[in-house]
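What follows is a group of structures, each given as structure tokens.
Two complexes follow with chain A in common, the first pairing it with chain B and the second with chain C.
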Partner chain A sequence: MFVYPQHSGFNAMKLQTHSLHITRSGKEILKGITFAVDTGEVYALLGGNGAGKSTTLLSFLGFLSPSSGTIQVNNKDVTSDVASARKMIAYLPESASLYEHLNARENIEYFLQLAGTSANKNDIDAALDRVSLAAEARLRKLRDYSKGMRQKVAIALAILRDTDVLLLDEPTSGLDPSAIDEFHQLIRSLADSGKTILMVTHDVYGACQVADKIGLLRNGTLVGEFTAQGEESIDTETVHKAFSSSIGTSSHAEPA
Partner chain B sequence: MKSILLIAASEWRYWLRSHLALAAALIFFVLIIAVSVLTAARMEAEKHARSHQQAEAEETFLAQPDRHPHRMVHYGHYLFRTPAPLSIFDPGLDTVTGQSIFLEGHRQNTVMFAESSASADFGGLSWLSPALVYQLFAPLVIILLGHGCISRERESSVLTPLLAMGISGHQLILGKALALVSFTVLLLLPLIASGAIALANGESVVALLSLFGVYGAYLLIWVILTLLISATLSKRSTALGAMTGLWIGFCLVLPSIAVNITTDAKTVAGKIETDLTMLSDLRKLGDGHNANDPAFQQLRADLLKQHDVERIEDLPVNFRGVVAMASEEKLTKVLNEYAESRMLAELQQEQHLLDYGLLTPVLAIASASRAIAGTDLAHYHHFQREAEAVRFDFVQGLNRAHVEELSYENDINRNKDEASWQRARIDASNWQVLEKFEFQTTNISERVSTVSSSIQMLLLWMLIAFGALLWRGGKIKP
Partner chain C sequence: MSTFNALMREIKFTARDRTVVFWMVTVLGLSAISLAFGLAEVKHQQATIQQLLDANQQERDAEFEKLKDWGSAAYYTFHLTYDAPSDFAFAALGQRDVQPWKHRIRMLALEGQIYERDVGNPSIALIGRFDFAFFTAFIVPLVLIILLYDLRASEKTAGRYNLLEATVGQSSSFWFLRAAVRSGALFLCLIATLFIAGMIAGTAVSKLLLAGLWVLIYIIFWTVICFFIAAWRKPGSVILMTLITVWVSTAVILPALSRLAIDKLVPVPPGADILMMQRETVNDAWDLPRETTMNAFFEEHPQWSDYQQVESSFEWQWYYAFQQVGDQKTRDLSTAYQNGRLQRADIAAWVSLLAPPSLLERSLQALANTDLNTSIDYEESVRAYHAALREFYYPKFFLNQPFDKALLKNLPKFEPNQ
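Here is the complex of A and B:
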């Protein structure tokens, strides 16, 4: 079902923005977007290159300050308390940037320690099992990993951090089809366990499969929002048409 | 604090796994150990040679047979500047100012080089000292290791998840700084070895701690600058290029420019020019060899009156000796005025050069290092003053023997025949006017006080750079 965003005020949402404007290097990237993600919800932001998807994620982490409007995590303004916001969020960047000279386990241990938590070997192995990273690969340095393997380590790290909120930047980029399916199941199960997930993606098909809501970004403006109805997924065809027209390509293209 | 320690430990793990720290430390240690051993061996050899030559010079002087006392005044004596204990770390001006001086009556000779060292290093190949290694090469090792500390994180996009973990820019910078500072402490360990040798040779613990402190501050400045550039520039290659450029500017170009500007701005009169003016002034004082010189008429009159006699032959003292003593005193006063004026000009020139320490910390550390080691210009002047005191004392001691031990009659008739010549000699026991000489550095509080401005400059550099780094730390973003 296609609806135009109509959030006018703040409810008790986990993540929300209101008339958010972000300007970088003199260029307005976000032009007053308003949306909210509730607890246990998966929200997918769809949009073409330069639409402002990653900027939105970085704003929730406090890396970019709004030129106007507000941005909140757990009903707290991010700009006034960045540290609290970051504590609640596990962020998975697009390139799954981790240390090349460390193996999977060392990377996870180090980042968890920095985040002020820890995990024993069994917990780490369980998380790596959950993302299907082969056991024999876990002691190899990440410089020998494929992009998909790194992505899995980053996802395992996000799981182990056990934060309320997950921000995922193109999380399935670089994963093979079976890994993408596994990942979608994982995302769904995390959301079902109460995690709030905001992901940005180009993958219309994947977004429709996993998201409770989809926001369509075009040139820094949220031009549409789609919501799943009950047990039914969001209609891929509808979203695909809207997405294609928003980025100016044929509406008959096959879903990604 | 835990995060800072974690970041520091992680940086060390990166260095060790990339073998970067090991390679950088290995190259540095090989260099510093080789240079330290060579410099220590050279300075120890110099010390023994100069001590031996000093003893030999004293022995030779004292072994002279019965002679006319004024012949001994011109026979003269050598003094050798014993190297300071810390010259094994920083030989300073020792290699360029000469180490021995010939003392004789009526003149102040310039310090000259001992033959052995002069011939060994005409090419200046021994210029590399442990101090120079720390001043020039230790910063390079810090740059090599530290340029990527933060730019590497940004370049590999790890900075974003790192900051997203709740790590602040300040924590990141302090963690990296802790790693780099701990590495720098390792670099300073060979200095302790040089210090231990100096300690065994009589140097004070305070001097060693001061030296350790100023070099620690100097290298900390490089640590901070390296991190500042690393935090500012997004690529490792750009950061390395910028820091290399800064090193070339600070260590090679600016000191050289500062020296040239100082030489032009604060000229010190040349020796020939000064000597000609001084000789002209000295001539006005009369010829101390000639008792009939009009310049000593008043002295003659006063003496005759004092002893109530008509002729100088009737005086109870040798008038020629009295003239020699009076002449030496007046000459020395003029010589000292010229010497002090020259030393003041040299110090002003040095101070002017040090003012450029605000542009590069290398000038400040070089000055502080030489002063604490006791191998700076002030110690060179100290040696010249001590040498002059020895010269004046022994010349006047001999003149006193001339006055008291040789009669005027025998003195003026000394060239008549062989017997007269023999009668104009005095006993060799009168040559015991020399005191045993060993050049000592000044005490450490005096040394440190002369370089307080250098130390202040290092602290200023450190504070400004640290302030800039903290400011930059607050602005670190992915």
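Here is the complex of A and C:
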């Protein structure tokens, strides 16, 4: 069902913003958005181009500082301790470009080392199995990979980081339909194992399939939030209607 | 992760980067070529000196057989002077391309003999040699710029920047380490080839270590410049243009402008004027009254004024006196020429503090004893040796000592500067 966001207490929340305003080059990108993602939840931010989805994601990583309002990861203010926030987060950028002169395993090893962790060959292969990257492709340089294969490596990397929080920016871009289904199952299982996941996407159907909550952004404002009820997924038709409305001519979505 | 582990991670990563490896191999190759040129040139100069020493000795032995008086001995005997290349000259040939490092002098007027010399290939004098000092001072910064200008910009273009920043946590140390590994690899390529060349040339270890220190400081300087400019939130092309502008300013424009300004500020008499004045003085002496020449000579050598007055139409003491008066006449001009060159070099040394490529090249040339000061020291050693020859011969002329070939073995020997 569709409810307007009304968060009053965020004490147990893994990710949260409160009245977050972000301005870039004199233009206000986020206009006081407030939302929270609980432990083990999948939260999908939906919105058209320029709605502020990626800006919201990047602000959790400390790339953008709020002009006002707060942004927290695990109840710690991101702006005051960016490094700590980043340690808790695995980030999957849109069309993740890993190093083309390294193969899948070398890329994963390198980025894990950057994060101050490591994984043995079996763990890496297990993660690559989970994202269904063909075994024979794993020793090829990434320059020979398709966009979808690269995305799978990046997802495997995010899994292996084994952080509490995953931030995913258009994670299914470049994946074929069957890989998208597998990815959604993977996201669901990660959330069920206690990971907190915030993803931004254009994919209304995918978001409804996997998310516990969907936030609808328009022009830097959170205009609505949809929450799954029990075992039932969020109603695709309702979200689609609101989404179309938000990127169309009507001023804001109507509650279902 | 410990710094050591992080360092090993970046070294391993850099070793897999074909672009970086290509530039390292290029630097290694060009450094080796520049050093090979230097070693070959030094070997050629050493061989030339040895050939001249042998030929000079043979000629002198043959000439001594024919000598019958002290005046002829002084006139017909040539004396080889030379400035042997140092054990580090292969790395920085410096002024040895444009300043003389060998002479065959006689007891005649000296200043003309010093400046009347072979000048080598003027085109080489114009562009300089491709030696290690030139390569390191002027070319290596360009390679560093290529390696470091897009350290961050290339990651942004590839869409990895945010992922890297989000993954590493403390991003400044990560970027610094990545830059340091590339610069360190470049330094190792330079220093490895320099040390191998040094071993071939038998260079003192202390000299190699000092040269290594200069090169290290220089690489650090350019790394810091590149690192901070590359950290700007600007496109790679803007960063590259900015760094190239810094390089052109410090390596080309500032040295060229300062040279023009210094030449204007410190006028130096043309070397040819010294030569002409001395020749005219010596030639005119044949037509002047003897007293005029001898009085000018006795002003500087009063100890001989009581001996052997010149009476006949030709006497050796008169002949060598007017040679010496030729030097006396040109002394002011010669001193002005020398002081002017030194003053220009001093000012250029100060200006080079603003032009690091020139500063490194000058430092390596000073270490290699191929700078202007060394060249002028050599000229002074030639003057001192010529003065010793005069001290040897003048008593023979003025005291009218009987000619004795055996005494020629007491002729002063030229001892090159160490």
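The working rule: the second predicted complex is superposed on the first by the 246 of 256 C-alpha atoms of A that agree within 3 Å, B and C clash if a C-alpha of one lies under 4 Å from a C-alpha of the other, contacts with A are read in each partner's own complex, and residues count from 1 in each chain.
What we mean here is this: a residue touches a chain if its C-beta (ideal position, glycine included) is under 8 Å from a C-beta of that chain, and two chains touch if they have at least 3 such contacts.
Worth saying up front: this structure is predicted, and the values here are computed from it rather than measured.
Q: Given the superposition on chain A, are chain B and chain C in a clash or a fit?
A: Overlaying the two structures gives a clash between chain B and chain C.
Q: So, A:K241: does it touch chain B (first), chain C (second), both, or neither?
A: neither
Q: So, A:R130: does it touch chain B (first), chain C (second), both, or neither?
A: Neither partner.
Q: Would you sort A:A83 into first (chain B), second (chain C), both or neither based on which partner it touches?
A: Touch status of A:A83: both partners.
Q: Mind working out whether A:Y110 is in touch with chain B, chain C, both or neither, as first, second, both or neither?
A: Touch status of A:Y110: both partners.
Q: Of the partners chain B and chain C, which touch A:L61 in the superposed model: first, second, both, neither?
A: Both partners, chain B and chain C.
Q: Please indicate which partner A:S95 is in contact with in the superposed arrangement: first for chain B, second for chain C, both, or neither.
A: Touch status of A:S95: both partners.
Q: List the residues of chain A that touch chain B in one complex and chain C in the other.
A: 58, 61, 63, 83, 86-87, 89, 91, 93, 95, 97-99, 101-102, 110-111, 113-116, 154
Q: Which stretch or stretches of chain B touch chain A in the complex?
A: Touch residues, chain B against chain A: 2-3, 6-7, 10, 13-14, 17-18, 156-158, 160-168, 477-478.
Q: Which part of chain A faces chain B closely enough to touch in the complex?
A: Touch list, chain A to chain B: 58, 61, 63, 83, 86-87, 89, 91, 93, 95, 97-102, 110-111, 113-116, 154.
Q: Please output the residues of chain C touching chain A within their complex, sorted ascending.
A: 1, 5-6, 9, 13, 16-18, 158-160, 162-170, 174
Q: Please name which positions on chain A make contact with chain C in the complex.
A: The touching residues are 58, 61, 63, 83, 86-87, 89, 91, 93-99, 101-102, 106, 110-111, 113-116, 154, 161.
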